[in-house]
Amino acid sequence: MNNALNMTVNTLPALTWNWLRMNSTRIEDVTADSRARAAADVPAGIDEETTESTRYAGQKTAMGSDVDRLIALSGICTSSYSSQAGRKSEAPLRIDLSYEKDCHDLSSFDITAADDSEMTVIMKFKSEENGSAAVQTRYHAGRNALLKIIQVQMLDDDFTFLNDIGGSCDENGRIELIQLILGGGKTYTGARADLSGDSSFFKADIGYVVGGSGRLDMNYISDQTARKTESLINASGVLRDQAFKLFRGTIDFHKGCAASVGNEKEDVLLIDDGVVNQTVPLILCDEEDVVGNHGATIGQLDEDLLFYLRSRGLNEEEVYEMMARARMDAVSALIPDEKTRDEIRSYQNRHSN
Amino acid sequence: MKEKTQVNDINRSMYDFRYEEKDAYTVDQGLTPEIVEQISKEKKDPQWMHDFRLKSLDIYNQLSVPDWGPSIDGLDMRNIVTYVRPNTTMKGKWNEVPDDIKNTFERLGIPQAERESLAGVGAQYDSELVYHNIKKEVSDQGVVYEGIEDALRGPYSEMIREHFMKLVPPRDHKFAALHGAVWSGGSFVYVPPGVSVEIPLQSYFRLNAPGSGQFEHTLIIVDEGAYLHFIEGCSAPKYNVANLHAGCVELYVGKNASLRYSTIENWSKNMYNLNTKRARVEEGGKVEWISGSFGSHVSYLYPMSVLAGKGARSEFTGVTFAGKGQNLDTGCKIIHAAPETSSYVNTRSISKDGGISTFRSAVVINKNAVGSKSSVSCESLMVDDISRSDTIPAMDIRTAKADVGHEAKIGRISDETLFYLMSRGLSEEESRALIVSGFADNVSKELPLEYAVEMNNLIRMEMKGTMA
Amino acid sequence: MSQNILEVKNLKVNVEETEILHGVNLSVGANETHVIMGPNGAGKSTLGYAVMGSPRYEITDGKVIFDGKDITGVSTDKIAKAGMFLSFQIPVEVPGITLANFIKSALEQKTGQRVRYFDFKDKLENAMNILHMDPSYATRDLNVGFSGGEKKKTEILQLLMLEPRLAILDETDSGLDVDAARTVSEGIEAYKKNVGGALLIITHSTRILEALKVDVTHILADGCIVDEGDGSLVDYINQNGFEKYLTAGCR
């Protein structure tokens, strides 16, 4: 039985010139074997369930429907976690995935923050060498709910990873995503938020380091249809060696989303000459009463800053190390969990150049 | 100070007149090799151009229309007549041009402009050049400014052959191929080394016959250390039949040379404007694009700069105004193909009355473009709640030693600003018009005065409702 | 008895569904100088904006009568043409339009006629001199990149050029240094002297009032007028502050 798929993922909501090759990404021969074994630490107040498939089948995700096809092909079931209405969960839900050598594992998660609740989910991805994995997470933030999803990726240099997120928010619902991509081979990831409830909110803080001959292919979409919605996408990264990175970020203001705001900011530090940086920041707008902003800064360190730090005794390489690390620290500082931050620090220390 | 005739009471109707076709020669509708042969024969093409046209037709038939951007389904190529020529050949003196053609230009204010120290006017009626005149002082400097079809048969034919459709090859896209097959008319300019042309060269073209296409080719070569400002401003009357403009502009900017290319595109609201403009800049050279896009039903317009020599620079300043029934897809492309090149882009776009405006750009920095810088700023203004504005910029950077900044903003007319202006007695309509023309000042301040006035008048006309 | 240039009758104003003014009453005589003082948040600026017809301030009850005509709900530009002027606390930057062209446009709107260039130029120069403004500001984009003080001067410049019958000055001297405040004050005096219109000065500091003869002082606290008096009330406030009024309630 052929359990492999040719996939098209991370399609731009509005296409541009084909010669740029940024409209979407093709991944050949993705194998869908078995369900990954996740170690889940479920705190009090969070209900766990296993369902045959996602209960949010109609919810679009950033990477697209080919991920659904892959999951269907594998036949794995969905792990569903829900908070209880009106309850702020005291501890985070921890989901740890440790991929074994040469695996081809998949996971499907549904995360639901019930009305008036608060829920934090921390997902960590580690691997041995070689292999691939796919994770699809669908979420829903209920009315006045606050859902935080924190993902830390500490994968091997030869590992291929597909990490897809998509969900929506009800009135006053908030989704805050933190993604820290510290290692991996070929990573394809994206997150989508449908702000369909009035005054709902989407924040994404993404930090990444790509080195060696790694590839990072991203797609973030804020789909704003309701009134007074707000999105804030911040991506900060470092590219070294012959790394390749493609960042797509879309703020889509649909008709009717009056008084909405969207902000997208990208900062990329380029260290070595073999790197390739691609950026496509989209703002699509069908509504008059909005404010949308996008800014991107790509390149090396500011000359004045470099001079200042060197005048304090650091050589250029040390300065770059320091600044690269500072960018990641800025994102990991946002993680409200000491244990996770410690783990990140250890990983970074082990892997520093 | 130069003073062109004020285009005072701008109303649309001024541009919407046309003359009955007199015994003009018309090619069969539809595009076959026979027609291309006919065109080539009619123009007395040299053999290489004849072959080039046929090869382009081949390519045209192979390529398909783009799968992104506004729909051009309303354009049926078979129904576009590609060649229309009035029964007059090129004239040297203004007073020898036939009356009705002269009247067309008179109404557009050309005679006065010609009198007032313009270097020369190349004016195009339908698909042919009608009148050309190079002022003595410019030709004395060695500057060549001719109709391109004539130049093809003159001493510069080799130079033209070396450059013609090399920047925009027919393979590039379907309408470049179409252009290669049926191109007709246009200007050829050559500025010798070290020559600084102080007065801007201008060119006008109009579309007149129902269903005819406009395929003029502009080829400008600015040699080492030279300077030129070329202004292209155009207008077309309105019909019920779809109209096509698939022109091509190729600009070669030599070492340490500088070329400023200004355009106000003001095609009538049923035109399909599928224009291709490209510049190649050598070491130390600079190209400045100043672009105001108004008019036309559908537009695909992305002037591209190839920075081929060390230290080459491109500056693009543009404004696009999409009103009722318009879908304007505009922007620019810049390829940094040499070290220490720089690009600067500043665009504004305005959407009103259900218009759709899309800003589409690409900044590509090649591996060898070490030490390059690029700064892109695009701002969009939504004037009402039925229009659309999309921003689709892209960057591809392949060296670490590059400095790229990009910012995009979208918003509406600020209530605070509106209130402030109204509190000084300006009506709401007047205040909005003032804010929008202020918003377009990135372009208007770069244009010669009379163009800036024309542009501001266009904006006021657009903002103050339609003139039926 | 001269007719009042402005009458505000029982004005109630909402901002974003919250009632800020709870029934304000005040009258300004044709050539008088009135001052509105009050603690922060009292609604002083709201009064100015509402009277001027700002769409963000919703008049839910009451009337505004300007020069004998009911202007409640009338659009801002018509109110301006009728002869009212509001000097903004934070003047707006308007890129793409020069200061001179803007004032000229406003004048043309007001008179309904084209303004003769040379007359205008002279008048503008004089006014800028009074305000110690560098002439180069005339060709700069309106307020773009201007310092706080320069922006305030631009407002007074417009006051001098447009010659309104009633000028509402909203916190005109806030953020100004001593010299700038004095210059602004001189500008206001020049307006009084040359045009003789009425002034409604909204302020919580009294520097610019020193050279002006104040006819009536109103104290606005908590959304209504809690006291009225003549010029001496200003001195009282300077010595004692607003404490007495914080729980006063509306008149």
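Labels A, B and C are assigned to the chains in the order they are written; within every chain, residues are numbered from 1.
Everything that follows uses one rule, which is that a residue touches a chain if its C-beta (ideal position, glycine included) is under 8 Å from a C-beta of that chain, and two chains touch if they have at least 3 such contacts.
The shown structure was predicted, so the numbers you read here are calculated from the model rather than taken from an experiment.
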{"item": "Touch-network distance, subunit A to subunit C, counted in steps", "value": "2"}
{"item": "Label of the chain whose CA centroid is most distant from the centroid of subunit A", "value": "C"}
{"item": "Contact pairs, highest-scoring chain pair", "value": "A-B"}
{"item": "Middle chain, criterion being Cα centroid separation", "value": "B"}
{"item": "Subunit A and subunit C, separation of their C-alpha mean positions in angstrom", "value": "52"}
{"item": "Centroid distance [mean C-alpha coordinates] between subunit B and subunit A, Å", "value": "42"}
{"item": "Computed distance of Cα centres, subunit C from subunit B, in Å", "value": "49"}
{"item": "Per-residue multi-chain contacts in subunit B, two or more chains", "value": "none"}
{"item": "Of all residues in subunit B, those that touch subunit C in their complex", "value": "414-417, 419-428, 430-431, 434-435, 437-441, 444"}
{"item": "Contact footprint of subunit B on subunit A as seen in their complex", "value": "14-18, 20, 22-23, 239, 253, 255, 258, 270-273, 275-300"}
{"item": "Residue numbers on subunit C that touch subunit B, as the complex places them", "value": "52-56, 75-77, 79-81, 85-86, 88, 91-92, 94-97, 102, 105-106, 109-110, 141, 158, 162"}
{"item": "List of subunit B residues in touch with subunit A within their complex", "value": "66-68, 360, 362, 367, 370, 380, 382-385, 387-412"}
